[in-house]
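Next come the structures, one after another.
In what comes next, subunit A is part of two complexes: it sits with subunit B in the first one and with subunit C in the second one.
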Partner chain A sequence: MMDPRESRGRRLGVTYAAPMGLWLTLFFLVPLLIIVMYSFLKKGLYGGVEWEFTLSAYQQMFNPNFMRVLLRTLWVAFISTVITIFLALPCGYAMARSKHQTLWLGMVIIPFWTNSLIRVYAWIAILSSEGFLNEALKAIGLIKESLPLIYNQGAVVTVLIYMYIPFAILPLFTTIDKFDFGLLEAARDLGATKPQAILKVLIPNIRSGIITAVIFTFIPIFGAYAVPLLVGGKDSYMIGNIIVDQVTKTRNWPLASAFSLIITLLSTLGVVWMMTASARESARSKTAPQVVDANGGVV
Partner chain B sequence: MKGFDVTVKDVSRAYGAFKALDNVSIEIKKGEFFSLLGPSGCGKTTLLRIIAGFDSPDVGSVLLDGRNIIPLPPDKRQVNTVFQNYALFPHLSVYENVAFPLRLKHIPETKLDTKVRDYLHLVQLDAHLDKKPSMLSGGQKQRVAIARALINEPNVLLLDEPLSALDAKLRQNLLVELDHLHDQIGITFIYVTHDQSEALSVSDRIAVMNQGVVLQVGSPYEIYESPATDFVARFIGETNLFPAVVTKCEAYDKYFMTTLEIPELQAEIKVTDYDELKQGQQVSFTVRPEKLKITGHKPSRVGKDINLFSGVVEEPIYSGFQTKYYVRLDNGTVVKVQMQHTNYMDEGPDIEWKDQVYVSWSAEDGYIVEVIDK
Partner chain C sequence: MTTSTKPPQREEQHKAVKLFPSRLVTAPKGVQGPYKTPRNHVFRDHRKFGFSNIMLVLVVLFLFTPLFVVVGYSFNATKGMRWAGLSLVWYEKLLFGSAELWRAFGNSLLIAISSSMVATFLGSMAAVGIKWYKFKARTYIQITSFLPMVLPEVIIGISMLIFFTAVKIPLGMFSIFVAHTTFNLPFVFLLVSARLEEFDFSIIEAARDLGATERQTLLKVIIPSIMPGVTSGFLMAVTMSLEDFVITFFVSGPGSTTLPLYVYSMIRYGVSPVINALSFVLILGIMLMALSFRRFLKTIAASS
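And now, the complex of A and B:
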């Protein structure tokens, strides 16, 4: 017999979860199913779809041009994420140790009050050939000719990092803030140099924050389209741009759906892989001494 | 004796206008079990952190075997610390926590394994190698911290209130273990505590601190029996303490028999002292509760050196092996008296609440503290 209190608790739990479930179904699951469905349908002449099953969207996708864009997108997302994390780590650390945490948090959050497109345009004003940066460098006599700072891969990566670094700083800051800095002193006391203490004690203890930061930056960058469109060159096209083109210009909705599905799938796989990797890692560090036990034969 | 001697020389450390350490000088001998004792916030941890290298003094120096270590970073000092909150690495097993210092030095695996097992055996943790710190009890965590601090074979071990988070019984056991460990390895231990009974029971010498100042350095016996200041007298154990004025001081045997006028008791009492005091000098007088004798009847013979008062038992507090009495003397002052129950046959009739009693002590059991204006 089930404890009546328990069954009541369960019913209550379902009640509480209902709004969330409804929300997810309406705005996540249903659209996702529509995308899956569309990707297997025939392209309509003026956009939309015709109700006829076909794999043609997937066949079109395996086109060397599209594959190049896919690989480039992966590469840009990877390199931007890595740099973002490397920059965000010391920021999060400094913020967590600072006496003025609220001030720094405000500074990280304030840019969100401005529309992201406007911020991208600000970057155009900074990087363009007559932009602030080139003019400033010319004014101090470092360069004579404008440098090609914009409409290339470098500009895309720079602006992407700028756009998504707050999403990395915030989770890193919260985990580092919870970290016991006394552990770093303990490590120093036991003979670790400063970098060793950071690497062997801080990093393993804030792993969950790092994983969150990676997920929060990698996934949106993977689907980015405004930034490559506005500050990228001809060779900066990313999957996001292809999808927009397929929807608005070429009017190939099934192909757009197929690409969207690929993004979702790759991101999900990435997240799952990272989560299991971290679970494996912690399992391994737990069993490591047991291996030694087997060799040593003690205990 | 192994280990290094540690000399703290004129060390001061201020946080803003607040002086956490004020001109502290201590000399700790090789292999000594030395305790820093003082109330919360008196600067014990600050001093320990300066010795370990996590903080540096505004002025002054710390010498390890004669060498100034202030310029050295913590990882270059042959000093290891057992932290107040243990500071075990939560992501590593017990085994890996203890192996941590050796892994930094790239000790070969087989040698490392033997050594880690030896040290975990030393602290009796053989059965818990694979556990994460979060799975350990307080006492076990504390032992991991000790093994980890010792495995580098430091010359000085700093212990910051390592037992304060444990319950009283376990604290006693671990204290004894710690003492054994000290005898076994023989290096210098600097032990921080705010618990006077802990300090008294294991230390070779104790420094009593208050508000950033070292008040007295001495053996547990010296600290207890001849406190240097009012504060030390009150902080170490319980005591009866009164301001007094010297009325007479004359040679007596090897000492001086001093007569003190104590306004609070409205009486003169006698006390022996090594120093000759001048008439009219302001001092404090202290006598420990266990030195007072309490009887239901007036003692038949009262020697020249016995101080005798009568009063009423205000509050008897029985705690098994002893009873503490608060006795209100005839003039209204309350004194604390402690009676050990060794053997009920010798004790005579029970002394109870509201009983008329006599309180007495010998001149040799009282003590003059803090001789103001010498």
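And now, the complex of A and C:
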């Protein structure tokens, strides 16, 4: 059935959406396609590429050095994400329950909006050998020599958690805020203990928020560049640093492209997983029977 | 415009009812009824000093401690981390001895405002187009607008650097503007879309029934009601643009240093306590912004 209104609507919709679609195609998708192409080309002498098909970039990737960095990056991203989510879950819960939601949101958003380099710099000021923490510990007589708090893996993980915890708290807060706490009450009335109620009622209901939080912490941490560069040592190089070095120092653009492509594919897979998971969830909640009270509201 | 925004299917109207569940089911004050638990209803296990509240306070302290340290040292009379008395010397230096820093700040502002304006305009239009109309390329646009948000910044930065080099666009203010608009677009699009999700179509019909022209409906009904989404989108875009280091790092050229790039060079090549003073000024600015836009904070939280 073709309503004239509908065809006009189609045209209007395209007119409205086309500028953004074109912009993203040109400045996001085309650059990605160029990366795909470059990863199969030969390295140019001073950066750039030569137009010759080769798989050498992919062969170079299987260098044990790179593999070590890749594994380390996965490990750092994993451990930081796990800690971040465990810290962020109770925060999101407490914020959603709070009477002062806007205040707490401000408390999370203000550090989050503060320039990220300023925040990294603040951690350098805290952790460095003559930094705040070491000086404070010396002042109260706990230590005599400065502790090596910075330029190691621990510093990288701490600062990464610090940088990305707001990314986890905000989506968790948003989903928990929509959760009907009466369900927890009901579970308790039906004999569940508090941990049972949280694990079996709250957590399954806020799954989409948890997935969003995981994606938005894991992926950026996986691609972290500035943090390991500024607070990490030789042993904390991450895949982001390797890619940047390939572009700016070694000038091996095909290799940088190949790495970028792998990360892009991994991230996209993560996103697809997230989208299908949340789609499944909404499909499930739609088929679930709804209880309607006398006033027509959904209970 | 209005004729086509009118929902042809009944399903849409149904949706509008479902979109405001809280409005429908929250009891008016003093009324007893089988309603959804009111938001601030005290759940019997929720204690003031319960685990989650303590965690929240600890995490907020964790978030603020570095800021406090930096702000504290900004009033220190000497360069080191040892306290040597109160002084405003670094503020003086920041105000009068940092021409380059202020130039970088000017660049940052220029790029933040221009890229956010373009992103807000294009993103809001696309959100309206995609939410209210059906056409073939919708899925394509939804996917391309989602991916930039989840890809690591390094990847976006490098792909743009390679792109600009390949098509011979010189690196500088223009390339930074393009890059910032690109990473801002998806966020504006998402925020405005979320706002449209709550849009009640019946108000358009009501306006038309009451005799408003299409133009009046657009200007006095539609635009004001999606404005909170547009404003939060713009706000988000400005903050992200001012904040961005990684992508800018790749696409900047000579003479286009932004504030984060300048701070980076200060950190790498000799830290000056001027950074501390600058941090305090920036934190104050952000607090002011969060305070004046506090009613948008929830919308912004929902998008990130």
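As a convention for this text, the second predicted complex is superposed on the first by the 269 of 299 C-alpha atoms of A that agree within 3 Å, B and C clash if a C-alpha of one lies under 4 Å from a C-alpha of the other, contacts with A are read in each partner's own complex, and residues count from 1 in each chain.
Heads up, the rule we're going with is that a contact is a pair of C-beta atoms (placed from the backbone, for glycine too) under 8 Å apart; a residue touches a chain by one contact, two chains touch by 3 or more.
Please read all numbers here as calculations on a predicted model, not as lab measurements.
Of the two partner chains placed by the overlay, only subunit C lies in contact with A:121; subunit B stays clear of it.
When the shared chain is aligned, no partner comes close enough to touch A:66: not subunit B, not subunit C. In the superposed model, A:97 lies in contact with subunit C only, and not with subunit B.
Between subunit B and subunit C, C touches the greater number of residues of subunit A.
Touch criterion not met for A:237: it reaches neither subunit B nor subunit C. By the touch criterion defined above, A:31 reaches subunit C but does not reach subunit B.
Applying the stated contact rule after C-alpha superposition, one finds that A:164 touches neither subunit B nor subunit C. Of the two partner chains, both subunit B and subunit C are touched by A:185.
Subunit A uses residues 180, 182, 185, 188, 293, 296, 298-299 to touch subunit B in one structure and subunit C in the other.
Subunit C meets subunit A in the complex at residues 1, 3-4, 8, 18, 21, 24-25, 33-37, 40-41, 43-46, 50-53, 55-56, 59-60, 62-67, 69-70, 73, 80-82, 122-123, 125-126, 128-130, 132-135, 137-138, 140-141, 144-148, 150-156, 158-163, 165-166, 178-179, 181-182, 185-186, 189, 239, 242-243, 245-246, 250, 259-260, 263-264, 267-268, 271, 275-276, 278-279, 282-283, 286-287, 289-291, 294-295, 297-298, 300-302, 304. Subunit A meets subunit C in the complex at residues 3, 5-6, 8-10, 12-21, 23-25, 27-32, 34-35, 38, 48, 87-88, 90-91, 93-95, 97-99, 101-102, 104-126, 128, 130-132, 135, 162, 165-167, 169-171, 173-174, 180-182, 184-185, 188, 194, 197, 215-216, 219-220, 222-226, 230, 240, 243-244, 247, 253, 256-257, 260, 263-264, 267-268, 270-271, 293-299. Looking at the complex, you find that subunit A touches subunit B at residues 180, 182-183, 185-193, 196, 200-201, 204-205, 282, 285-290, 292-293, 296, 298-299.
Across the complex, subunit A is touched by residues 52-54, 73-75, 79-81, 83, 85, 87-93, 95-96, 100-101, 104-105, 113, 117, 126-127, 129-130, 132, 148-149, 152 of subunit B.
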